[in-house]
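Letters A, B and C mark the chains as written, and numbering starts fresh at 1 in each.
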């Protein structure tokens, strides 16, 4: 019997198989948004165990474990690597129809070469075999894993106040098989809920930029200085994680100034002034992105830290987040239209978390294409909860029906794990399968070369051309 | 030619057929949420006609009839049983692609054994044959129907002020083939729009609890007394029908008190104080549920009594209700997070009516699993308008992709009709079919035993274990 | 190799093919909502080129061109007919999976008889061949195209202040193969954002109605006069393009009066009074529709003129519009319930743009069926962004599951182009295909006559009976 993950996994038609093998499977990966640790890459970290690389900080798996009644000790707690792995092995067979089941099997298949499904019965053997490879083989270090997946570019996610030391070290390596660039993510500077935390962040910004931030103008100037440093280290993209973009609001230089002053003095802002200050700062940051030719990205729709208990105990990103139902259209329109009117709208990717807004996002992006750059305005890939077959297909349908699929810049891992690169393979298979079924139903012409070009564009060349950063040498091998 | 409803109805693959026959078809039913009348069960009521059991108060059929131009006399009016049935028979062929078409055929097939499709041509014969069985056979009384469907548990829906006399009588029966339990549904006590109606309800609560309700504390105490009585009669679940949960709002004991006092004095509350009072009362009720180990259920998203004309003429639940587009995330988060923080969060099922919020609900539930009980937080089954193949599949997809399907507690009838038990069969077929197609597409391993366990869990054992009430003896036959 | 558009295009099963050929393909078309120019019809305009008929003012194609990096000169600018056509030919192969790809191929297939796919390689030959037919053949004038598509009725979209001269001329023709009627669309009179524009419109209304508008009563009276004139010219439907219906609000005659007075004096209204004035006026207009036995239509959910740059440069409807996320339920309920309570609710079609609200709309419409007219309350066809296979199927699913599909009045082009009639063919194929697949899966009985009746009803007879206007003679040929 053939294993669960096999050459034709997810590929229902001959057309899909041909497209995948000839035009998708072996392409390099441009992973232009993820949360991999620059430090672990700079150190070419070797993992002590499959538990470290697979279960530490993986909020997808943690949610599933809690849902199956696994106590917190074996989820995020002080259980041993083996105990936690074994608990996960008990949960895996429960996750049928969840992407975790696919991801688990795919990640064991590649890079570990393990095709037996994980379960209590196979847990010990799997644990030992994975650990042996992780501990001994060069292709299982952080950079080894990236090279073996043919990852030409990794963009990590970095705060403007970060020192970027790890990135500096990464840029200095002689081996540039995989290039690593920072991404500018100033969320902490745009979050005014906790004046103390915000002022602490401003303090770090002062230190990082060797400046003093006494006014809104100082703030913008300090950020601008950091933006330049990011650029020098190869950064070509910003990213923002927000519930939604602030609704249209009139604000003046003086109202923004006085909101800034209050906040800098440690006072809380009311909702109106806070949103106006956020809008003003977002606008300034967007103009910086435009001026340096960067891509701006927005990850919208997440309702974070919903579980106060988890947040207090474990911090953010531990499994207590969900989708929100925020108003989207007006804020997006106000933000993008303002920049477009000034001819300062950077190439943009809008990512959406609640799938009920897929079509809204796809049409909103389309409003601001201006003929200057093919695919300038992007409705971005399915992420987080939507990174599964149904979610990916729904995003591809929205892009296809309401935009131009052939210009789509494609998939990202958005992952914290060095084992997640099979998600690019997952996406490629799903895309090829979709097109194969289209051919079967007569919805697109059976022109393999044209379809092949589309696949290659979406899986690799569009992202390469959109971001314009130098690729690692692994792209040429 | 085989009849429309046949053994393989909805089962497209051999895998689906095998799963259904071996692991689903013959399971007992735990119908943990419906609107069956305890009085009709206590009296083991015998129906005078198919019109009585099928058309009286069936707002699904009424809507379809009105949409097809049937005058109200033959819908809810004084038409004879035959006239109304005949009007319905004219409408049935018009309902192709609506679940009513399936339900009608399924309910004639079982229990009536009629496989000709209902239409004007077959109306008279169908009417007579159904009536004959209803009037003469023991398996066609209310309790007979439940037993023949192997319904181990029925949970009716009851107001805290109900006497529960019928439940008392049901608990006393020697024949406990089907156990009947009340469900605590205090909607009337949480609806403050009409101070007169609310005070009338408080008056009934005073009578039922032998107490006086002069303060918010008295109200909680009186409810607590009734909660205990419900528990003694086997109730293990509460249920709430609300548009949405109240948004996060700070309230104090004194603000709640003064809102209560105003309302008790017959004055209307503004929206803010009303929502705060509702939040305060919901919290107290949720703590009661937790303390007694009950399951709390929330049916959210319905926009009720939209047609004032129908409401004035016929009252609630007559076909003038639809889906709303209420804000969901913040209210759900505030409510659940508050309880979770106090470690008073009961096992919970969240039902959603507008399918655009399916994914939001599934992820919101997942935030509060804490490892104490497998499947503690449930995104509940498709109900009302969504109780059809597309709706059921969409809910199963959301649970699968964003939660853990194998822990799902499964289907409910949510029905007012004793003929609706085929909806459990409908659900079981749809679930097995989904899995059969997954196997065919290679999305899940072809492990029939594992899939069979999943099917049995979702169709029966999860609900049994989640609610922890004694089952009727029919479960063991 | 058979061409991309062939007899069986979109028809996956024998059942679908049979239904299409026998019950759908040759039916007349009742296009009860579009934006065709009455002037071009009255003049029986002959197009100078395929660019004129295909690309001028086609915001769908313009969006795709901009997304593919085509400069504005070749989109809406001063490029020559050939340059623009050639630019479009370069974009077409990029639009795989977008409805534009299907529409383009379908429109070349019929009426032009061209089956080679449009691409840079075929552009010149296609351009020349199309132009030759457009310039020389009688079946390629505006009225020739309508007749050859067997369009029995066209309803254009007209402002109450329009002279209707073109309609008068159209009504006078000896050849009534295709009847052309106006539709009453008073959007300009309901938009109060720009008092100057509104007052200019009122000025035109005064001229058109030979009256003076000094009060709200005058306004209603002037509109009533125009409503009568529209009726005399065969108009049997109104239409409104709104983001959403105004939320429930109490208003009095005097508050409406004073809002009117302020606006008429050129002052801006705050949001509250503006919405109340809109609600009051909509109600009056709806009563007029009821009194004259018209159908009222509402196109809701579009977020228009999002790109201020495009709006300033090119005006409305040029590709800068998208879907909004407006609150829908309360406004719809308040409006419809008010009319229903007075027994003044006209036959109604509700069109929805954001597909997340499909189910809400379908259930909302169903609330107000009253048994007087079969299919009185309609959830209307997919339009604009949703006029594609996925969008059409989603609308049909919502109508089917939540309403009565067999009473659905079916498709509209909603188009500005005389080449868009293949969209009716598109819809008919999709409908037949859906039913064919239902038969294959056993979801509906394989009763070809019953299914054929449903198809014919949805594709033609329901609309004919719903609108009750005389059909053009082409319906009888």
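Things to note:
We take it that contacts are C-beta pairs under 8 Å (C-beta built on N, C-alpha and C of every residue); 3 or more make two chains touch, one makes a residue touch a chain.
Predicted, not measured: the structure shown is a model, and the values here were computed from it.
At the interface between chain A and chain B, under half of the residue numbers appear on both sides, which makes the contact a different-residue one. It takes 120 degrees of rotation, in steps of 5, to superpose the Cα atoms of chain A onto those of chain C. With centres taken as mean Cα positions, chain B sits 40 Å from chain A.
For chain B, the set of residues touching two or more other chains reads 356.
Interface residues of chain A, counted against chain B in their complex, comprise 4, 8-10, 12, 63-72, 75, 93-99, 101-102, 117, 303, 306-310, 319-326, 354-356, 385, 388-391. Residue ranges on chain C touching chain B, taken from their complex, read 327-330, 333, 337, 340-341, 356-357, 359-360, 363-364, 366-377, 397, 400-407, 438, 441-445, 450-451, 454.
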